[in-house]
Each structure stands twice: as structure tokens, then as C-alpha cells.
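There are two complexes below, and they share subunit A, which is joined by subunit B in the first and by subunit C in the second.
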Partner chain A sequence: MIEFPPGLLLIIGAILVPLLPRVVRNAYMLALPVLGFWGLLVLPEGIHFAFDIFGYTLSPVRVDGLSLLFGYIFHIAAAISIIFAFHMKDPVQQMAGLIYPGAAIGGAFASDLITLFVYWEGTAIASVFLIWSSKTESAYKTGMRYLIIQIGSGVLLLAGAILQFKTAGSLEFAKMDLTGPGPVMIFLAFGIKAAFPLMHNWLQDSYPEATVTGTVFLSAFTTKLAIYALARGFPGTDILIWIGAAMAIFPIFYAIAENNLRRVLAYSLNSQLGFMVVGVGIGTELALNGTAAHAFSSVLYKGLLFMSMGAVLYRTGTINGSDLGGLYKSMPFTSAFCVIGAASISAFPLFIGFVSKSLIITAAADAEHWVVWLILLLASVGAMHHSGFKIPYVAFFKYDSGMKCEEAPVNMLIAMGLTAFLCIAISVYPTSLYAILPFQIDYVPYTATHVITQIQLILFAALAFIYLLKTGLYPSQLNSINLDFDWTYRRMLPGLIKKLGAVFVPADRLVRTAFLNRVEGFIAGVFRHHGPEGLLARTWPTGSTVLWVAVLLALYMVFYFI
Partner chain B sequence: MTEHLAALQVVIPLICAPLCMLVRYRDWSWIVALFGSWSCLVISWLLLQQVMTGGIISYHMGDWAPPLGIEYRVDTVNAFVLLIVSAIGAVVTPYARESVRAEFGVNRVYLFYTSYMLCFCGLLGVTITGDAFNLFVFLEISSLSSYVLIAMGKDRRALTAAYQYLVLGTIGATFIVIGIGLLFAETGTLNMADLAERLADKPLSRTIGAAFGFLVVGISLKLALFPLHLWLPNAYTYAPSVVSAFLAATATKVAVYVLLRFLFTIFDVKLSFGVMPLDSILLVLAVIAMFAASAVAIFQPNLKRMLAYSSVAQIGYMILGISFANVNGVAAGILHLFNHALMKGGMFLALGCFFYRIASVNLDDMAGIGRRMPWTMAAFVVGGLGLIGVPLTVGFISKWYLVLGAFERGWWFAAALVLLCSLLAVVYIWRVVEVAYLKPAPENAPDIEDAPPSMLIPTWILIGASIYYGINTDLTVGAAKLAAQQLLGAG
Partner chain C sequence: MADQKPDERKFWLDDKDTVKKILWALGAACLLSVIADLFYHKHVHYAAEDWIPGMYGWAALIGSVVLVLCANLLRKLLMRPENYYDEADND
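Right after this comes the complex of A and B.
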């Protein structure tokens, strides 16, 4: 086979999808990422396919350790998500489900900022169809907001790229320093897609609104592409450490209070991204390895969790925690896979989170960022809590809600099974993951201290969860926030955090509503002036133009004489 | 033969016009117009080749030597504009056959083709001539015939729109002729090259300043620069479909060319941008045009009107480029002349296809049209992507050079504004996409087919070109840069 730019295969292949008969369509769609993956294996390292377009040299493909790792996981995620979506008949979603991963893969190999921009917008445009395909009014509005934010990020990236070209004289996408307007704009563009705090709302807004299968796609690509871009462009940028720390901790409060289980997962995803951002910020080889490894594993376990929740939504028609419960009888396999996903995100030994998350935490400790280290530890406990215990408990093991349904369709079970297998297999043979990391690594995850510490953390988190549940303190559907989960080992913190939360949440809401009101007011104002009957759109009498003519002529004369 | 190309460029459509009048049998006059427009395309192509290889062509009408005789002078700038005008004409004429027959009735079509050829001739004449007064004459030919063309619209409001345009257009033309008259009084010549030479030697006088003011305001009116754009939306909305497409793609473009010619060739750059603070005035007006008109476009229920306002905004982009007064900026302005002609021409043609089938271009009547007329709607959307400036369309190329020009000038904010304004285009194009594709067609909608091939193919030629020149920019960027260098090199 001739070499082919990674990602393009999926994008071009998508064109054929609506033309193929349904019998072969699924097989064809699955074949594309498999072929693409194989193409990666034979692609030598270096820069390929460089070409000139209106005077600038673009080099769309750069193959090195970092891009390969993301290329692998994106292909795997695409294949799994496609299997998960086998039962679907909607060609729009099927095409989006190929173009979107294709664009993300292309972005991960882009070696210049313009190519990156093209793929960056590609992910935005393709993915929004996964949200719109829900075909509800709210999904439509959400999708619109999502699209505007994502396109906005792309526009920032393009502006930054042009500035960078003007100052640095090169379009190459390489490590940048955060000085000058160009890199800052690029940084912000990446930040929006990576869901930095205060830029994160699109994520929790859109993921729960997408279709059952769409969310699985969404969870894998957009944010991970942003993490890749940060790791490539801004490794070792100190401010990222603190952004990442904030990002790891704050979504936890929301995740615990949230009732929509897919939104819980969206918050938890945001928190996991925080870990990776910290890793990029620390910027040592160990930390970058950790970021890469954690991105890899989080695509798998987050995908698994989103898939299990998707299966629940598909069968029961609801995803609100308050309506669910006791589903383990109806959906035994799905619950088992969900538990595996939960164990993985909790970093339980022998599950994939265990071998990746600790890399970043260790890197934080090695760099002596003790505050950050503490925050990350706290955030991992939070992750155990809201995703590790809450999700499986509320959906499957809570008191029986009386809901009876079938087990998930076979294709969903296969997709989940494959992912679950990878989650365990990679953790049992961590060298398989470590071998493809961008830097050499000699890290042994299974040491006695590590295993014991981790189990201790998990046990305490479990204890807290059960205690809160039994004493009725656990916030199930309340909008207020209860942060007592960690009282067992941080007696000092609860009060403080509770207060913080009490201040933060209303303040955050206040800022947001104020902002929204502003926007609405602004639009009303624009409409007053620009609407069909507005000041600027009316058909004015001819005389008014003549007046303007006179004014302009006078203006020129005045300027001439002064 | 080849040495007379410059004259033939104008003479052929001028002769075709009365011929159209004479050939009244059915729509045979269309064949005359087709011949006229296609041969003009060939001529302008040959002229551009000659100019790009052999330098400036100077043709003396009736062998009278300039500056007394009328000179036709072709350099890269106007060769490029000639190509734009005649290419649009060559694409629009085949399209016109079905559309005009449907909108006029087969017995009156000769009237349309006669005025159409006159307008075409006038626009080419304005572009090619090297004589300032001759320019005014051709400007009047094109304007008078376009008033007639607009008044031919089926909607009765077309009459008032044409009348308003008539009054305002005449004011504009009067200003231009006053400006030219003042220049003549000061220098005693009407030949542009000669004017430029003599003005360079003269000290600045009030007469020259006044001439400058009159000319810039008069031309601004013709090219619909905000706030002198009021004639444009109505004229484009109520004119027949073909006329909207043709005028939107050519008339304002030619006026922009005239502005370039006066600012850079006849007056010195030092006068235009040194003594007069034209750069800041144009900058302010261009930016307001971009935003105000785009915002108005967002709320328009009538799509022709929406595109008309969008044209006002796009003219803002061109003027913005000119206001930078550097090579990249002016090149971006010229480039956008070409690119916008392709996109807007194609989109207006697509609207003509809708009008042909559903007799309306109101957004409310277009629910679900994307499934009923897929090819036409697809053309509209691709054109819209160009307006937004999506990469791989011509719109992106224009904006890229515009932004480069802004940086070169050190006006970072202008670059930011250009990108911001693209977002407004997203909104107004998206509105149409939403209605056309996402809303179901009404229950009682009649079964319609897509537009006939004779209309679809010209539409897609323009739209296809807007993609082609978005990828292969050798011709357009090359010619625009050369033209900008020639214009700026003079000063």
C-alpha cells in the first residue's frame, strides 16, 4: 500500500458511506480505522507530504513518538466507537463519526499551524452533527453554542498562526514561549478546546446532549487533540500547572451534585484533563510521558464509562440518577463493564488508571510542587468518588427502581468488552503502553508502596461514600453541594471547601447569568438598529443620502484645508 | 487584428446592443448577446496575457495621438478587471436565457438584451479607457442602462428603486464630472497619464483639493461605500435575478477600480494618503460598512436583500484593503474584487434558480428547499462558505492577504476586525442553511425539480471557480500583486 496522510483516509472514506448498501456499510466503516492504524505502523518517522500552496510550505504529516501515540489511541477509539454505533442507520452520524476522528488524527500529525487549523476546524464542524443528531430543540441550541465556541477557538488559532508567522517567520508547529500576542492567542485557542476553567462550559453543555453514540465519539477526540497540541506547543509552561490543578479539582464539586449521569462523566472528564494539563505544565520527560499515557488510558476508560451510560440511556430512555437504579439485574454485562471503567478511573491496581495517573502525580512530587501534588491526590479521590462509586452505584446497584429492560445490543457489548479488555490488559502489561511513550521510561507501577497507598485511598473513599449514603448525607438530586466525602483523612478541609463551594457556585452562576443577560441585551440592541425595520435597514428617502454626500464632501474639504 | 483588441473590447458589445434591438424574433437576440459576451471574454483574456508578458498597451482611437486623442490604456490593473467583467458576462448570458424568458415573457426579451449589452459595454469602457472624460461617458452609459435593467424587475417597487438609483447615481456622476472638470481647469488635459504627470509638477492648489474631494465622494457613491450605499439594497432586491447577479458582480467592482485609478495613478499616493487623511477616513467607513451591513444582513427575511447588504459589507473589505495603502493591502482589495465577483455572482445566480422554481426568495418560503433543489442550495452554501472565508475558498485567500496587509501597516486591530466580521457572515449564512436543510418542507409544497441545467451550470461555473481559485492562486494573486505594485509604484 502506498503511504497515506493519517486521518485523510477516514475523511475521504466517509464520502462513500451514504452510497454503500447497509449490509456492507458497517464492515466498511470499521475497515477504515483498522487500515489507518496499519498505515501508521508502516509510516516511517519524519516529515512527509510537504507541499507548497500560495507561497507557503505546508508539511501536513510529522511522525514522531508523541504524534504516533495519539494517532494510535485515536484510531483505537474510532474503531471502538464505530462498533458501538453499529446498530445505527443515520448516515449523517456515520459520516460525522468518520470525519471527526479523521480530523483529530490529522491534527495530531500536523506539522505546521495552518494544517493544524484546518483539522482543528474539521473536528469542530464534524462533531457538531453528533450533537444535532439528537434532534431535540435543546440539542440544537446546545450544538449552536458548541459550534460557535469551537469555531471561535479555530479563529483564534488562525489569528495566532498569522501573528506567529509574522514574528517568527515560520509556520512550523513546535514548542513556543508564551510571549507576544501570537503564542498567547494560540494558547487560548488550545485552552478553549482543552476546557480550561472558565472556558469549560461547552463541554458539560454539549456532551450530555449528544446522541447515545455521539457522546462516545465526542469524549475521545476534541479534548485529547487539545492536550496533544498543548504538549507539543507549550511543554513546561509554568502557568499550566496551576490551570491544570484548578481544572482537576473544581469539576469534582459539580460532578458530585449533578443528577444527569452523562453530565457527571463530562465533569469528571474535565477533571481528568486537568491531570494532563498539569503534566504538560511540569514539562519534564516523566510528566510528558504521564500526560501522554494518561490521555491514552483516559480515552479508554472514559469511553467505556460513556458507552455504559449510553447503553443505559439507549435501553431505558433516561439518564437521570434519580430515575435509575437496580439495573444490574437487567443489564448484567453492561454493569460489569461499567464497574471495570469505574475501577480504571479510580486507578485501582490491575486497571489502566493505575499505571498512568501515578506518572503525573509522581512527576509533580519529583518537581516538588507539593501543593499541586496534594490537589491532584484530592482530585483522584474525587474521581474515585463520583465516577468510581457514584456512577455504577446510582445506575446499577441502588435500590431497584422497578425499571426492567433488555441487555444492551450485542454490538455495544462487544465495543465495551473490547475496551474493558484493553483497560485490564494494558495494566497487566504496562510495558506495552510504556514502550510507545514519547520518552524512554523506567517506571515500575507495581511497587508495594504504590499499591498499598492506592488501595488505602480507595478504601477511604469507599468508606466515605458508604458512610454518607447510610447517614443520608449524600446529595442525590440536590443542587447544593456537599463536600464531606473526604473528612476521613483531611479533617481540616471540609469546612473550608464547603464555604468555598457555597461562595463559588452562586458567584459562578451570578457571573454567568449576568453575562447571558448582557449578550441578550446586546442582541436586542443590534436588532433595534439592524433588524428589518431598524435604523440601518430602512429605505431612507433619497434626500438622506444626498445629505450624506454633502457631509462627506464637506469632510474632505475640511481635511484639505486644515 | 491583435493590435485592435483594445478597441474591439468595447466596440463589439456596443454594436451588439443595436443588433439585439433589431433581432426581435423570439429570443434570438440572446444569440447576439451570447456572441458579444463570449468574444469579449476571449479578447480580455488575450489582453491580460499580452499585458502580463509585454507590458502596458496603449491604443490610440482613430490614430489621434494622446493627449488630444482618446487613448485606451491597458495595464495589469484594468486588464484584470476587464477579465472579471467579461468573464461574469460570459457566464451570466447563457444563464439569462431561461431566467429572462420566465421573468419577461418571450416577446420583450430583446429590450433586456439591448440594455444588458449597453451596460456591459459601458462597464468595459470605463475600465479600459485612459481618458478621464471618456471614463465619465462610459460610466453614464453603464449607469443609464442599469437604471433600465433594474426598472425591468417584476415587482413594482423596482420602479422606485430604479428611480432612487437614478437620482443618486446622477449625483455621483455629476460629482465625478465636476471633479474631472476642475482637474481640466487646473491642468488643461483629460488624458489620465498626462494628468498624472502634470499634477505631479503642480504645487497643491485648492482646485486640486476640491477636485479630489468631489471625485472621491462621487466614486464612493457609485461603489456604495457606507453611508452612501442606500441605493444598493433596493436596486439589487427588486431587479430581475440576472440583473442582480450581473450588477453585483461587476458594477461596484468597476467603481472600485475607478477609485483605485484616481487615488493611485492620477493623484499621487502622497496627496491621497499624505495630505488628505484618506486612509483613516476610508478605514473608518470600511469598518462600519463591514459590521453595520453584516448585522443588517443577519436580520433580512428577503435573501436578495440579505446578499445586497452582504455586498455592502464586502465592499467594506475591499476599501479596507485599499486604505492600508501598501502592496498586500491593495492586492487584497483587487483580489477581493475578483473573488467577491465569483462568490456573489454565483450566489445571486443560485437565488435566481430559486426564484425560477418557487417565485420567491423569502426565507419563509425556503423551508426544506435543500432537499427539493439540492444542487442549487449546495451552490448557495459553497458560495456562503466563501463569504465566511473558510479555507480552500476564495474568501479565505482575500482575507489572508487583507490580514497580511493590516499587519504590514501595523494595524493589528483591523486584522482582528476582519476575523470578527467573518463570524457575522457565519450567522447570516447559517440562517439560510438552517431553514433550507433542517426545517421540513411544508405539507402542501408542490413537487419541484432542481433548476434547469442551462441555469445550474453557469451557477456552478462561478461557484466552482470560487473553489478553484481558492486552491490555485497563481493567476489571481500573481495578477493582483503585479497590479498593486504598478499602482503603488507610480507614487
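Right after this comes the complex of A and C.
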């Protein structure tokens, strides 16, 4: 077999998709990530495919523990998402669904900053089609905002890479210190895609607007590639601990208050990314293992939750909590899979979150960051509320909304079933995950203390959930939105520009009119003297001109002889 | 697409008794999980994790209430009508 740079198979393979007849297209699309996964298993560790161009050395493929782990999970996520989208016949989305994961995989293996930049922008451009394919006015506008921010992140990355090359003399993508403009720009580029606080709104803005299947793709790749990039470039950078802690906690309030269930999941995803960022910031082997493990498991359970909500949207035509309820009757399998995803994010023993989240929390305690440890504990409780209880309750188990629909299509059920299986299997046999972590690990998740304290946490949170629901303290589902930071660039800035315009336009008009008056006065003056009726225009006849020339000549000669 | 005719069949959650039973079971499970703390040696990092039996449970209870009340407050301040940004129109 010819060796292929990881990810490229999916990108090049996508070109054939629209040409293939429908009968074989699904099988072909699924075969690409399966083949790609197999390719990873035979690819030896080290740097591959290095080449020189314009005097720079580019090394597109670096195989080591960290890149392999993200490579594996990206392939798995691609395969599952493709199965989830089997019923869909739109070739644009099908191609985007291959190129986008392919670019993310390529990015995870990039060993130099230029290759990373190319794949980085690749994910941005390919993924926006998953949003635009909703074909609504709001999806179009959201997609534009998404694209501007994503491309902006890439431009920052490129600028940072060039500056880094100037100072460090190398394009290698390795651990950096946050000193000098180059690394800071690269850090911010990663921060945008990782949805750092105040840079996060593209995520909650765009994911709920994408197509039913598009959101499932989106949830897996962009943000996890950014987490990978942070773990590769900035492990042990202290500021990340606090950025991560803020990220873990703030989205929770929004997730609890939000009505659109896919947006609830987008906020929830943001909070989970916070855990991973804390892990990168702590930077110990246990913490980085935790980040990698949690990224791996989060792709699975978040994918499962987004798939179940996608199925609900597909069958009912709405995803607003205020319209849904009682769907466990119509969609029993989807409900069951959703509950498995909910149990996983709540880190219930025997579900995947249990074996990954605690690595980061333990690492925070080991590093004596007790405030951060407490915040992460609180954020874990928050995850139970917005994703563990609220999502299944509002969509499936709340009072009957009177809605009746079909169960999700078979391909969706298979995709959810596979993911649910992995969520449980990996937790039952955590060695399967721990064996592929970047560092050696001797962590035992199933201790009496961990199991019992975690069960206490979940049971009492459930008790609180029910109490808060019954007393009406839990935010009820209302047709509404909650303002977030995107208000600044969707309302405040355009408003300011309008206001500025309101001041500027009259002032501008005043200056222009004054200037125009001057010019007009000047022209009028010239016209008065030189116009057809003007004093100086009376000598228009050629004869008089000749006379004037003769006079001038005479004067000249007189002066010459004197 | 959903059709709006209500489902006539009876399901397990339609029965008020079932819901009651689930709530009782949850309460009992909470109690059991607290009692369980008395029967094993808890490996803790911070002393606060083992002040009283069921420490994690009480923490979750308080944490939940704090989070939800904050979310409620946030919504009071920041909630806007669904068409606030008016995306569907060309502006």
C-alpha cells in the first residue's frame, strides 16, 4: 500500500463523491475514514514526507502519541458522522463532510506551522458549507460571521508563524513560550478556535444554525483541533489554567437558561473545552493525559448528544425546548441513546466521562490549585444540570407536548448505537483509552472513593434538579434568546457605527458644502472675468489676440534694448 | 414531520404513581450513598472532602442551587425575544 499523509485521503477522496452513483456513494464515503484509520495503525512514529520549498523545510506529518490519539478519534468521529448522514443526498454537504474531517486530521499531524495553517484554514472553509447548507437567511448570515472569525484565526496563525520564523529561525510546530508577538498571535489563533471566553460566540452562534447532520460534524473537529494545538504548543502555560476555569464555568449559566437545545449543547461543549484547557495549563503528564482523554471522550458523548438532538430536529422540525416534550413515546431508542450520552457527560460510573474527566480534576488537586479544583467540581455539577438532566428531560421526558413522530431513521440509530457502545465499552475497559494516551499512566478510575463520591454528586444534583423544577426556580423553557458577547459585534458595533454616522454625516456635509461653495465662488469669479460676457473675454477675436501679441513683442524688444 | 394528534396510548411516565416511585427511589439512593461513606476509607486530597458523610452530595446540592439561581438571574438580565437580532430580514 502507498503511504498517504493522514487526512489527505479524505480530502482527495471527496472529489469523487459527486461523480459516484448514489448506490455506492455511502459505502465509498465510509470506506475513506476506515482506510485512513487503518493507515494510522501502520504508520511508524516520527517525521514523514518532509520536503524543501523556497528554502524552507516543511514536514507535514509527525506521528507521535499526541497526534495519533487525535488522529484516531477524528477518524472515528468522521466515520460515525458519515453513517449518521447516510440518508442525506446533498453532495455539497457530503464533500464538506469528508474535507472538513480530513483537514482536521491533517492539522493534528502537521509538524510545521505552515502546514498547520493550511489545514487550519481548510477546516474553516470546508465546515462553513455545513452551516450554509441549511439554506436559510439566518444560516447564511451566521455562516458569514463564522467564516470571518475562523479565517481571522488562520490569518493570526500565519502572521504569528512568520514572526516566529524571524525570531526562532524555524517553522517547526513545537512547544512555545508566550513571549514576543509571534507566539502570542499563534496563542490567540488557537484561542479563537478553542472558544476562549469572549472569543467563544462563533460556536454558540453557528452550531445551532447548521444542518441536522452538519452540527454533528462540527461538534467533533474544530475545537478539538484547537485543544490539540494548545496541548502541542503551550503545555504548562499558567494563564491557560485561569482561562480554562472561566471557560468551564460561565457557559453553564447560559446552557441552563437557553431554550434551543442544540445551543444548550454548544454552551455545554464550551464548558467541557474549559476542562481540557485547564489540563493543558497545568501541563503535568497526568493533566495532559487528562486533556487528551477528555478530548477523546468528549468527541464521543458530545457527538452522541448532538446526534440525538439532530434526530429530534429531523423528525419534529424544531429543537426549541418550549415546543418539545414526551418524545420518549415516539422515539424510544433515540431517548435511550440520549440518556447514555447524558450519563457519559455527567461522568456516571461505567460511562466514558467517568474515566476521563477525573484525570484533569485530580491533576488540578495534585498541582495544589484548590480554587480551580473547586471550579471544576462545580462545573461538573453544572454539566449534569444542562446536559445530564435538562437535555433528556426537556426533549423526551417532560410532560407530553402532544407531538407524535416517527423514530429516527435506521442509519441515525446505528450511528448513535455505535457511539453509545463506545461510551460504555471504553469506560468498562478504560485501559483501551489509557493505552493510547501520550504519556505513561497509572491511574485507577474505579476506586471506592471515586465511585461513591461521583454517585453522590450525581444523585444529589438530580435531587436538586427536581426540587428546582418543582419550585419553579429552574429557568422554564421560553421562546427567547439570551444576549451573549456576540451582542457587541451584532448590535453594539453596528449601532455605534450608525450613531457615528449620524454625527459624522451632517458635519461632513457642512465641510463639503463650505468647500463646494468656495469652489463654486471661484468658478463664478473666473466665469465673470473669462466667460462669454466677461471683461477679459471681450478680446476674443483673433485680430485682437494678434494685436496683444504684437504689443507684447514690442514691449519685449523695448526692454531688450534698454 | 410531527403531526399534532396526541398519542392516546398510556406510557409509564403518564402514571403519577410511577413518577412518585421514581422520586422515592432517588431519595432512598441519596440516603444510601451518604450512609455508604461510613463504610470505607475515603482517599481525599483536601480535608474538606471528608468533613461530614456525604460531603460530595451536599456540595452538589449547594452547587446546583447556586448555579441555577445564577442562571435565573442571568436570564432576567439578558433574555430577549427570539427575533431580537431579526436575522430573517435584510437590514
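The rule is simple: the second predicted complex is superposed on the first by the 477 of 562 C-alpha atoms of A that agree within 3 Å, B and C clash if a C-alpha of one lies under 4 Å from a C-alpha of the other, contacts with A are read in each partner's own complex, and residues count from 1 in each chain.
One rule holds in what follows: contacts are C-beta pairs under 8 Å (C-beta built on N, C-alpha and C of every residue); 3 or more make two chains touch, one makes a residue touch a chain.
All values derive from a computational prediction rather than experimental measurement.
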Between subunit B and subunit C, whom does A:T542 touch in the aligned arrangement: first, second, both, or neither?
first
By the touch definition at the top of the document, which applies to A:T447: first (subunit B), second (subunit C), both, or neither?
second
Looking at A:A461 after the superposition, I want to know if it touches subunit B, subunit C, both of them or none. Which is it: first, second, both, neither?
second
Looking at A:W370 after the superposition, I want to know if it touches subunit B, subunit C, both of them or none. Which is it: first, second, both, neither?
second
Quick one: subunit B or subunit C, who's touching more of subunit A?
C
Of the two partner chains, subunit B (first) and subunit C (second), which one does A:L552 touch, if any: first, second, both, or neither?
first
Contact-wise, after the overlay, does A:Y560 reach subunit B, subunit C, both or neither (first, second, both, neither)?
first
Examine A:K175 and indicate which partner it touches, taking first as subunit B and second as subunit C; both and neither are also allowed.
neither
Interface residues of subunit A shared between complexes with subunit B and subunit C
none
In the complex, subunit B touches subunit A at residues 164, 167-168, 171-172, 175, 206, 209-210, 212-214, 216-217, 220-221, 227-228, 230-231, 233-234, 275-277, 281, 292-293, 295-296, 298-301, 309, 390-391, 397, 400, 403-404, 407, 412, 415-416, 419, 422-423, 426, 438, 471, 473, 477
Give every residue of subunit A touching subunit C within the complex, in rising order.
136-138, 141-142, 252-254, 256-257, 315-317, 326, 328-330, 362, 365-366, 370, 373, 377-378, 381-382, 384-385, 397, 400, 402-405, 447-449, 452-466, 468, 473-475, 478-484, 490-491
What residues of subunit C sit close enough to touch subunit A in their complex?
1-7, 9, 11, 13-14, 23, 26-27, 29-30, 33-34, 36-37, 40-46, 49, 54-61, 63-72, 74-75, 78-82, 84-85, 87-90
Of all residues in subunit A, those that touch subunit B in their complex
53-55, 114, 117-118, 121, 132, 140, 148, 151-152, 155, 158-159, 162-163, 166, 181, 526-527, 529-532, 534, 536-537, 539-540, 542, 544-546, 548-549, 552-553, 555-557, 559-561
